[in-house]
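For reference, chains read A, B and C in written order, and residue numbers begin at 1 within each chain.
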Amino acid sequence: MFEFCSDPAALDTMRWFACFFTTGKHQLFYWSFVTVLVLLAITAPTALAFGFGGAMAARSPVAPLRWFGKGYISVVRGVPDIAFFLFFVIALDQGFEWLRHQAFCPDWTDAIRQGNDFIVCAEAKMPLSTAPQWVHEVYGFFLAVLTFAIVFGAFAANVLYGAMNAVPLGQVEAAEAYGMTPRQAFWRITVPQMWVYALPGLSNLWMVLIKATPLLFLLGVEDIVYWARELGATVLPRFSDYPHGDWRLYYFLFLLVFYLAFTRVSEKVLARITVRLSRGQATLGAT
Amino acid sequence: MSCWETIQAYAFRSLGYGERLLPRGDFTLCQHFTLIGSGLIWNIYFGLLALIAGFLLANVLAVGKASPRAWIAKPADWFILVFRGSPLFIQFFLAYFIFLELKNAGILPWLTSAWSGALVVLFLNTAAYSGEIFYGALKSVPKGEVEAADAYGMAGWTRFKRVIWPTQMRLAWPAYTNEAIFLFHATTLVFLSGFPAQRQQGDALYYAQYFADKTFNPFVPYPILAFYFVLVTLVLIFLMGLINKRLNRHLPQATRTRVRFRPVLMR
Amino acid sequence: MKLLTTTTALALVAGMAFADGHSVVRLGTEGAYAPWNFLDDNGEVAGFERELGDELCARAELTCEWVTNDWDSIIPNLVSGNYDAIIAGMSITDERDEVIDFTTNYTPPDPSNYMALSADVDIMGAVVAAQVNTIQAAFLAEKGITVLEFATPEDTVAAVKNGEADAVLADGSYLGPIAEADADLVILEQTESIGGGVGMGIRESDGDLRETFNAAIQSMKDDGSLNALITKWEVASTF
């Protein structure tokens, strides 16, 4: 990075750290923060969409759909999220490849499962094995987003289901009295009004989501925990220009500060949004 | 080995009784269920003790945070902030390092073992989350009830014990039930970060991972783990529901709060 | 002339591999086990296996790409096709051989070493640290020695330093440089012979790729370049 970094062993402390903190490895560490933030930014709306679908299914008049919705909500909420993280990525990956295999290679005769191996035709591979590394990374990232969205979508569904039911019944009845169909009443009356009831739960969910990101390394994403471990680990002089002892404690303390700051800022912003959304509503939070 | 023999050999493997060696090959469903169930003993141990101890500290924290005196309110507030604002995964990791430092200084050397160290972390963590729930409930105790207590000449401890606290618990209980469920889920993190498993004695997730590592097939052990946790969750909801019934027994039917969805406070 | 035939044979096998869809061979490694494989200051995979893998791919005329993956899930991800070969200091064992195939070993079977704070540790009565899911952990459990399992090799060494464990059992090549750099740590005289050398892990259905790499490894053994590489990185004894 800097010109004086060519011989790190001869540097004074200040410059040594200046060089140390700008190595390629550290830059990957800084980028992983961006990865986590982008992942959160994509996951939140995706999970909300899953949640909306789940809540609608749970309210559906069609019994099988209703069972599916309620089952989705209660099973996912009843199981530790790690259990999903540990096998969803492989399950989703194989699921996608199986679907593509059915679509692209209909006349493939070999079994897909050969003993322990999971083999699909080359065209069905996700991503294609010829694809450059960044495509593989994006795909891994996409699987992580999907896993998070499925798990936290169930929580969001739970919140939204409650919020939909919290909209005063009189409002919906009034809409029907005006001649609206149930579908119209749902989209024009229930949905616009439910957000204020859903917001506290959704704010909470956002905090939960932030605090679940250290588990991303389980999903194969090289996240901030992965790099904190890697960078903090003892490095011997033979294998690096910047040897040091076990510094993982400091890296993890840094992560702690990062998370405390992140959740604190989120809390402040969400409090503002709540006040803003409660305007004109007949709730205690309204000003 | 028949299934009954497997159960005899491995039912208490997580505590160090029975067969010393974990199964090596020809993995059966019975082995999966027995060993993962055996590990569940640890999850229940961590969850139950942390829940009970955390409940007590949470009450202190809630009253502390509501205190008009800043030197009491501030520390309680900061405690809650740190534990609620950071991921449990990182807390485990850091706690293990701190316990190691303490051990080197000759203080509480047994804290580096999972059975005590991880329990302390879970206890402090759930105390912070429950403390916030109880604080919120304390703030929503109806003014009228407190005034009525004043009118009866109650004050201080008597007023808190007879009027405020029961109502506070009643209001907090549904959210607290959620917290209890999440605490049990959080116990699966113990052996995943920081704390080592000794003599291959671990929790349910540890054994699920063991099977996934050995059979290279994650599709059997993790669903079994999920099945066990759904059971734990159901039992927990049932038990907390019983307590809730008791807390609400003086109220007319329609105004009783059921143990179920409460959006405001959860993990 | 001999050289020429080897190359042609290699090209032929490589051509078959191509036909099988391996225009790019993805190599999976852990990146946390110096000197075998680790990440250098730039975050690139480096070490003995990096140089070995690149050389093997060059000889087999394959285009190779490096991928890092957690040790824990390194086999399931191979089996489900996220990369095509494991080259991560993985010892050949019967257990693993049931699930995946191995190439011929590219290092001879070497005994594992204990490292401790003092030379007179009685292993049978001691608490010994090992990385979870390694041949060393399985060995300790089998011998009835109290084993303390950690997720990463780094943790196992840290456990010895801070007194959590009395000793750590791991490959001598991993422990050697650490003991050299830290005056407090010593390698015990007692060694354990576990495992059958280190090889590349390949899917069982991928026989062609295995043959390709076998041929390449053999050619490196024959011309002595493999031994030179082993000596350079001090990972094992030579063939």
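Miscellaneous remarks
As a working rule, a residue touches a chain if its C-beta (ideal position, glycine included) is under 8 Å from a C-beta of that chain, and two chains touch if they have at least 3 such contacts.
Model, not experiment: these values are computed from the prediction.
For chain C, the chain with the farthest CA centroid is B.
Looking at which of A-B and B-C shares more C-beta pairs in contact, the answer is the pair A-B. Computed centre separation for the pair chain A/chain C is 33 angstrom, with centres defined by C-alpha atoms. With each centre defined as the average position of its C-alpha atoms, the distance from chain A to chain B rounds to 24 Å. Measuring from the averaged C-alpha position of chain B to that of chain C gives a distance of 40 Å.
Under the contact definition stated at the top, the residues of chain A that touch 2 or more other chains are 90, 116, 248.
Residue positions of chain C with contacts to 2 or more other chains are 76, 79, 99.
Touching two or more other chains at once are residues 192, 209, 212, 216-218 of chain B. Residues of chain C that touch chain A in their complex: 21-24, 26, 31-32, 34-35, 38-44, 46-47, 65, 67-70, 73, 76-77, 79-82, 84, 99-100, 152, 154, 157-158, 161, 177-178, 181, 203-205.
Of all residues in chain B, those touching chain A in their complex are 81-82, 84-91, 93-94, 97, 181, 185-186, 188-189, 192, 205, 208-209, 212, 216-219, 222, 225-226, 229-230, 233-234, 261, 263-267. Within the complex formed with chain B, the residues of chain A that make contact are 75, 77-84, 86-87, 90-91, 116, 158-159, 161-163, 197-198, 200-201, 204, 207-208, 210-215, 225, 248-249, 252-253, 255-256, 259-260, 263-264. By the touch criterion given at the top, residues 72, 75-76, 79, 95, 98-99, 127, 129, 132-133, 141-142, 144, 146-151, 155, 159, 162-164 of chain C touch chain B in their complex.
The residues of chain A lying in touch with chain C in their complex are 23-25, 27-28, 90, 93-94, 97, 114-120, 122, 125, 129-130, 133, 136, 217, 220, 222, 229-230, 233-234, 236-243, 246, 248.
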